[in-house]
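Each of the two complexes below includes chain A, the first together with chain B, the second together with chain C.
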Partner chain A sequence: MALVHKFLSGTYIFRKCLKPSVASCPVLGTRFADYCSSSLQKPVAAPGKNSSQRNTEGDLQGHHQREVALDITSPGEKPEFSFDKAIKDEIKDHCRRLKDDIVNYWRGPEGRPLHEVLMEQAKVVWQFRGKEDLDKWIVTSDKTIGGRSEVFLKMGKNNQSALLYGTLSSEAPKDGESGRSGYCAMISRIPRGPFERKRSYDWSQFNTLYLRVRGDGRPWMVNIREDTDLIQRKNQMYSYFMFTRGGPYWQEVKIPFSKFFFSNQGRIRDAQYQLLLDKISSVGFTLADKVDGPFFLEIDFIGVFTDPAHTEEFAYENSPELNPRLFK
Partner chain B sequence: MKPPILITIMFTMVAGTTIVLTSSHWLTIWIGFEMNLLAIIPILMKKHNPRATEAATKYFLMQATASMLLMMGIIINLLHSGQWTMSKNTNPMASTMMTIALAMKLGLAPFHFWVPEVTQGIPMSSGLILLTWQKIAPLSILYQISPTINPNLLMPMAIASVLVGGWGGLNQTQLRKILAYSSIAHMGWMAAITPYNPTMMILNLMIYIIMTLTTFMLFMHSSSTTTSSLSQTWNKTPLTTALILALMMSLGGLPPLSGFTPKWMIIQELTKNEMITTPTLLATTALLNLYFYMRLTYATALTMFPSTNNMKMKWQFNTTKKMILLPPLTVLSTLLLPLTPLMSILD
Partner chain C sequence: MSWAQAILLARGLSRGWGGICGAALMGPPFSQVSLQVPRGLHCSAAAHSSDLWLVPPPPPPPRGPTRALAPHEELFRQASDGARDKANFVQAVQAFGQHNVHKRGHVDFIYLALRKMREYGVERDLAVYNLLLDVFPKEVFRPRSIFQSIFIHYPRQQECGIAVLEQMESHGLMPNKETEFLLIQIFGRKSYPMLKFVRMKLWFSRFKNINPFPVPRDLPQDPVDLATLGLRHIEPNLSARVTVYQMPSSRDSEGAADAPEPHIVGIQTPDQQAALARHNPARPIFVEGPFSLWLRDKCVYYHILRADLLPPEEREVAEIPEEWNLYYPMQLDLDYGRSAWDDYEFDIHKVEEGPIFAICMAGAHNQATLAKWIQGLQETNPALAQIPVVFRLAGSTGELLATSSGLEEPPPPPPEGQEEEEDNQPRQQQGQS
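Let's look at the complex of A and B:
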C-alpha cells in the first residue's frame, strides 16, 4: 500500500511540484484530506517580491491562498517528469534509510547508546526551526466534512517557531447529516522507517509532556494516540486541555501523562485507562471551542521530561456503578 | 475476575493442553488446541485496557490461523493415510503444513512477529503463562511427529529464530519484549535438535520453563516492566538483585549454571550427527542473547544506575506478594548443571 502511494506521488512529482495529497485520498480512503504545509508551496519566482507582500495583515489572506494552491505550476518552469528516475530515487532513499537503520541498531535504541537512552530525563521531540520541521505535521479542519473552518501552518518569525492560524467557523455543513461543526487540528505524522514501516515513540522513561507555546487565550485540546494495528483503535485517543493565556509572553505548559483521559470516536468513555507510553504514535492539537473567528497558536517546541515530584500513575478511577464488568 | 470464573478458565486451559498431550486422534488434538486458545483469551485481557485487547486479538488471529493450517494438514493426512491416528503421518505435504502450523503457534521465525507485540501488551502474569505453558502443547506434537518432519524446513526456521531472537532483543528496554525475544531464541534451539534427538528438546523445554518462570516471578516481585525500573531493585529488595544476576547468566547459557546444560547437550547431539556449521552458528548467535542479558545484569546488579535522589534509600517494607515457588525455582534455574551426567539416560 505504501508503494502504491509512492507510485502515485512519484508520477506527479520530481521534487519540484506540490504533492497532490488530495488526489491520493479516494484511492487510499484516507479519512481527511491533508492540507499541504507551507513548506510544500509552489515555487515562487522572486522571494524578495513576496516578502514585501507578506508584511501586511491584509495580505495574509492572499498569502495563505498561495500557500494552499495545489498542483499549479508557474508557466515558465517545466517540471521534469521521469517515472523511472522518481521510482529509482525512492528506492535508493529507502535502501539508504534501511542501511542507516541497521547501523543505528548496532549503536542502540533510537540510534543512541543504551545508557544515554536510559539516563535521559528530558527530550525535545518536535521543534520548529525550518520548513522541514513543518513537514512532520498535518493540519486539518472541518472542511473535510463540508465545514467552513480554515487552518494553516507556517514558520513564525526568524524561523524560531511554528504558527498555526486560521479561522474557526461552527456553521454546520448543509449536508442533511451533520448537526455540529467547527474544529481545526494539527496532528503529527506517524514516524516512518525505511519502506514506510510504521514506527512509534517510546516515552516510558518520561512522565510529563512539555510545550512552549504562545496562544490567543483559546482553550486547546492536546491529543495523544497510541500505535495500533487494529482499525477500531484508530479512533481511540487520550486527551487533555491546554488553556492558552494570550499576550506577548511565552507559556510553558506541563501536562503529566497521568492526566490524559481516554476517548473513543470523540466521546469520553466511562471506562478509563492509563496512557501507556511505550508506543506513542502521534500528538495533536485541536481547537473546537465553538467560538467563531480567527485563532492562532505559536509553538516553539514540544518535548517530554521526567518530573521526579510527580508520582501519580493515573488521575482517574473507574466507578463500579458505571462499569460493573470491570469489577467482576 | 471472580474466583469461580478464574478457576473455570484455568481448568479449561489446563484441560486443553492435557487433551493435546494425551490424545492420539488428530481431531481431539485440534480440539485441545482450540480449548486452550479460547481459555487463554480472557487471561490475556485480565487488565481491561485497549492494549491488552489488541494483544489478545493478535494472539487469537495468529493461533486461529495456525489451527486452520493444522487442520488442513490433518485433512491431507487423512486423505492419504485414511485414518486419524497420529502415528500414521507419512504424507510430506501434510507434515510440512503441520510443521508450519506448529511453528506459528510457537513463534518460530519467520512467524515470530506476534510474540513481542502480544507479550508487551499483556500483564506480567499473563505473559508468564503465554511464554511457558502455551509452548507445551505445540512442542509435544512436534515431538510426536518428529520422525516425519523435514529437517530442511525446520533447521532454517530454527537458525532464523535464534538469529532473530538475538538480534531483536538487542535494543529493548521493555522487559517483556526482552523475554519474548528470549523465548523466540530458545524455541529456535529446541527446533534445531528436534529432528535428531527429540528427547533433548524436552530437556531444553523443561529447563527453559523453569528459568522463564523464575524470571517472570522476579520481575513481578519487583513490579518492574522496564530496564530502568529494574535497575532500582537494589534499593527495594537487594536479594532479588542478586538472584537476577544469577538468573540472567543462566538464561544466557553460561556455565556453571543450569542454562548451560541444554545448550551443551544440543551442541553435542548436533556434532554427533556430523553437523558443524549449525551448532557453530547457534552458539555464536547465542552470544547476542547473552549480551542483552548481561546488559540487564550490568544495569541491575553490577552497577548502581544513576537515579534521582528520591529514588535512593527507599524504606524497605515487607512484601505482600506471595511468591512461594520462587526459592525452589531459583535453585533449579541455577544449580542443575551437576545433574547433567544423569541426562545420559536420554540418549
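Let's look at the complex of A and C:
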C-alpha cells in the first residue's frame, strides 16, 4: 500500500487517463496552466527561453524561467477510465522494467553484448516509424509565455517520418517584461528506467550527430542537454545551428559534437568547454529565426556515428580578453 | 541683491524644480515642462510674475492617438512630414542634440529612436547606429576610481548602450572601429557595452560562414529572378537547367487579357530527364504542391513532378555491359568481409520515395498554370505526352501527400486544401506568392 501511495503522490503519467500534473520537467516558476484534455497524445511542457545567441551579462537584463504545462488536444482514442486497472498496469510495467534492467546488466551495457557495443560505429537513437516514437518527444512553443506561435507534431506520410509543423509569430507577449518572442521547440524526453529513474545516453565513442531531415530553408538550432543531477545544469545546454536547404530532397545533416558551444540560461558564455558525451539526457530542435510565418520540418531518423575523418576536439578556444582567469 | 529680486529668482528656480517634480508625477506634459525649465532659469524672472508657480500646469487634453506620447517624439513627428527615410531620421537625431545642449533625456530618446528605426527603414544601417551612439555625452560615464568600476557606473546608460548593441546584433550587423572608439569614449574599456562589443566581434566572426547553403542578403525583387534563385537553391545538381516557361505579363498593357499571366520557371537535371524518358507510361505521375521554401524572410512556393516508388518486383537494375569500359571492370563482386568496426551504415531503412522528375515555381497555384508547365516540359521530354498526369494540389502545410492511393489519411488539421484529380473540375486556388 505504501508503494501505491508513493505512486499516487509521485509525478508520473497515466498513459490512458488524464494527466494530473506536470510530469518530468521541474517547475521553477509559480504558473501552472492545466488544460485537462480528453486524450494524451503529445503533452506540452516548457523548457527555458529561446536559445538564440546573446552576448550580454545576465545580471543586467535578467530573464526569468517560467515553466508552464499545456496540453494540446488532438483526436485520438477515448480514454478508458479504470483507476485500479491503470495502477495495476503501471506497477506491472515498472516491475517488468526492473527485471529487464537487472537481467540486462548481466548481458552487457544496455542489454546488448559487449563486443557489439564496443565495435559499434553508427547507432540510430531516435526513429519515427510509429506513433509510439512520437511519444518520446515534447513539443513547445512560446505560447507558454504568452506568445502566439503554434507547433504540432505528427507522423508524416506512410508512417515513415515525423512532421513538425506550425506557425511562428514573433509578436512579443504583452506582459510588461518580454521584449522579444517567437520560438518553437521539439525536445526529446529524458529516458527513464524502472520507477521513473532518470537515465542518460552514453555516446562517448561517437563523435558526430547525424540527422536525416527535410526542411523548408529555415535555420534551426540543435540543443543537447546533459544529465541534470546537479541543480546548476538545468539551464545549461550545448547548441549548434542546423541549416535546412528546403526542397523535396532529403538532407543529411552531420554535426560533429566538437562544434557545440556552451550556453547557460539561453546566453552564450565566455568560458567554453567541449561537450562531454558520457551523460546526455536530451536533444532538442528550436526554431527562432525572427521570421513570422508557417514552417515545417520532416525528420526521418536521428543517429550518432563516428566520423573517422573528424579529429577536432573542440572548435572554440577561450580568449584571454573575455576570460582572463582561465589564462592565469 | 534686493529682496524682490531674490523672491523672483527663487520663484523662477522653484518653478523650474516644481516643474520637474510635477513631471515625475504625470507623463504627458513632460515635454512642455522641459521646454519651460531653461526659460525659467535663463530668462528674466520678471516675465513669470503672472504665472501660478505653485500649481503645475494642467495636462493638455488628449489629442489624436490614445497612447501617451513618449518624450521627444515630436522630433520624429516634425521630421517625417515627407517620406520616412534615412535623411529624416538622421535629421531628427541631430535635432535632439541641437535642441538640448546638456542632452537631457538622452536615454529615453535613444530607446525611442531604436523603436522608430524600423519605420524609417534604417535598422540595418551601421552608420545610423554609430550616430545614435554619438548622442551619448562623452567622457562623463567613464569610471574614474576603483569603486566606480566595481559598482556599475551609470547603470541606465550602460543598459541603453547594451540595448543599442543588442538591436545591432539581432539584425546581424557587425560593429566597426568607429563603434569601438565611441564605446571607449563614452563608457570606458571595462564597461558592459564594451564587453558586449568584444563578444559580438568574437562570436559573429566565428559564425559568419557556417551556413552551407547561403542565401544572399538582398533578394531579387523580380519574381522570375527570385524563382530562379530558389530553384537553384533547392536543386543540388549543378548540371540542372532552369527554363522560364512563361514570363509574367504586365497588368496595364493589354486591358483585354482576362487574367494576368503568372510566371512559370522550371528546373530539371539531365538525370531526371533520362529517368522520365525511361518511365513506364502505364503508371501515372503526379504534380504535387505547393510546398513552401523560405529564402531569408521571403516565402516562395514550388511544385514537383514525381512518380510513385516502384514495388520491388518491378524495379530493374541497370546492367552495365562488360564492353562499356575495357580498362577496368565497372562492377566488382568482391566479398571481403568487413568486420563490425568498419561498418558506418545505420541499421535502419531510410525513407524511400519515388523519383522526382522536375520542380517548378509558378506565380499561381492552380491547375491551369501547372498544365502550362507540363506542356512546356513536353518540349524537352517527349515521353511525357503518353504518361497520364495527376494533379494533387493541397494547401500549404508543406507536407508531401501520401504516395499509395490505398491509404486513407485521417483528416489533417487546418489549413489543408483539397485533392484534385485530372478529371474533376479544376478549382481555382488563391496564389500565395
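Methods note: the second predicted complex is superposed on the first by the 248 of 328 C-alpha atoms of A that agree within 3 Å, B and C clash if a C-alpha of one lies under 4 Å from a C-alpha of the other, contacts with A are read in each partner's own complex, and residues count from 1 in each chain.
Assume contacts are C-beta pairs under 8 Å (C-beta built on N, C-alpha and C of every residue); 3 or more make two chains touch, one makes a residue touch a chain.
Note that this is a predicted model, so its numbers are computed, not measured.
**Q** For the overlay on chain A, clash or fit between chain B and chain C?
**A** When both complexes are placed onto chain A, chain B and chain C end up side by side without any clash.
**Q** Which partner does A:S204 reach: the first (chain B), the second (chain C), both, or neither?
**A** The answer is first: A:S204 touches chain B but not chain C.
**Q** Touching A:M119, do we find chain B (first), chain C (second), both, or neither?
**A** both
**Q** Tell me which partner A:T144 touches in the superposition: chain B (first), chain C (second), both or neither.
**A** The answer is neither, since A:T144 touches no partner chain.
**Q** Considering only touches as defined above, state whether A:P248 meets chain B (first), chain C (second), both or neither.
**A** After superposing on A, A:P248 lies in contact with chain C but is clear of chain B.
**Q** In the superposed arrangement, does A:F296 touch chain B (first), chain C (second), both or neither?
**A** Only chain C; A:F296 stays clear of chain B.
**Q** Who contacts more of chain A, chain B or chain C?
**A** C
**Q** Using the touch definition from the top, say if A:Q236 reaches chain B (first), chain C (second), both or neither.
**A** first
**Q** First (chain B), second (chain C), both or neither: which does A:P109 touch?
**A** A:P109 sits against chain B, while chain C stays out of touch.
**Q** So, A:Q274: does it touch chain B (first), chain C (second), both, or neither?
**A** first
**Q** Just checking: does A:F305 make contact with chain B only, chain C only, both, or neither of them? Give me first, second, both or neither.
**A** It touches chain C, and chain B stays clear.
**Q** Which value in Å is the smallest Cα separation between chain B and chain C when the structures are fitted on chain A?
**A** It is 6 Å, taken between the nearest C-alpha atoms.
**Q** After overlaying the two complexes on chain A, where does the chain B footprint on chain A coincide with the chain C footprint?
**A** 119, 306
**Q** Show me the residue ranges of chain B that touch chain A in the complex, using the header's touch definition.
**A** Against chain A, chain B makes touches at 1-2, 5, 48-51, 54, 57-58, 117, 120, 167, 170-174, 226-228, 231, 295, 299, 305-306, 308-311.
**Q** Looking at the complex, which residues from chain A come into contact with chain C?
**A** It comes out as residues 53-57, 60-61, 75, 115-116, 119-124, 127, 152, 156-158, 160-161, 163, 165, 180, 210, 212, 216-219, 241, 243, 245-250, 268, 270, 290-291, 293-296, 298, 300-301, 303, 305-306, 316, 319, 321-322.
**Q** Tell me, which parts of chain A touch chain B in their complex?
**A** Within the complex, chain A touches chain B at residues 105, 108-109, 114, 117-119, 202, 204-205, 226, 228-230, 233, 236, 262, 271, 273-274, 276, 278-279, 306, 308, 326, 328.
**Q** Where on chain C does chain A make contact in their complex?
**A** The touching residues are 152, 155, 158-159, 162, 166, 169-170, 192, 195-196, 198-200, 202-203, 206-207, 210-213, 215, 230, 233-236, 291-297, 299, 302, 304, 306, 339-348, 350-351, 353, 356, 359, 396-404, 407, 409-410, 413.
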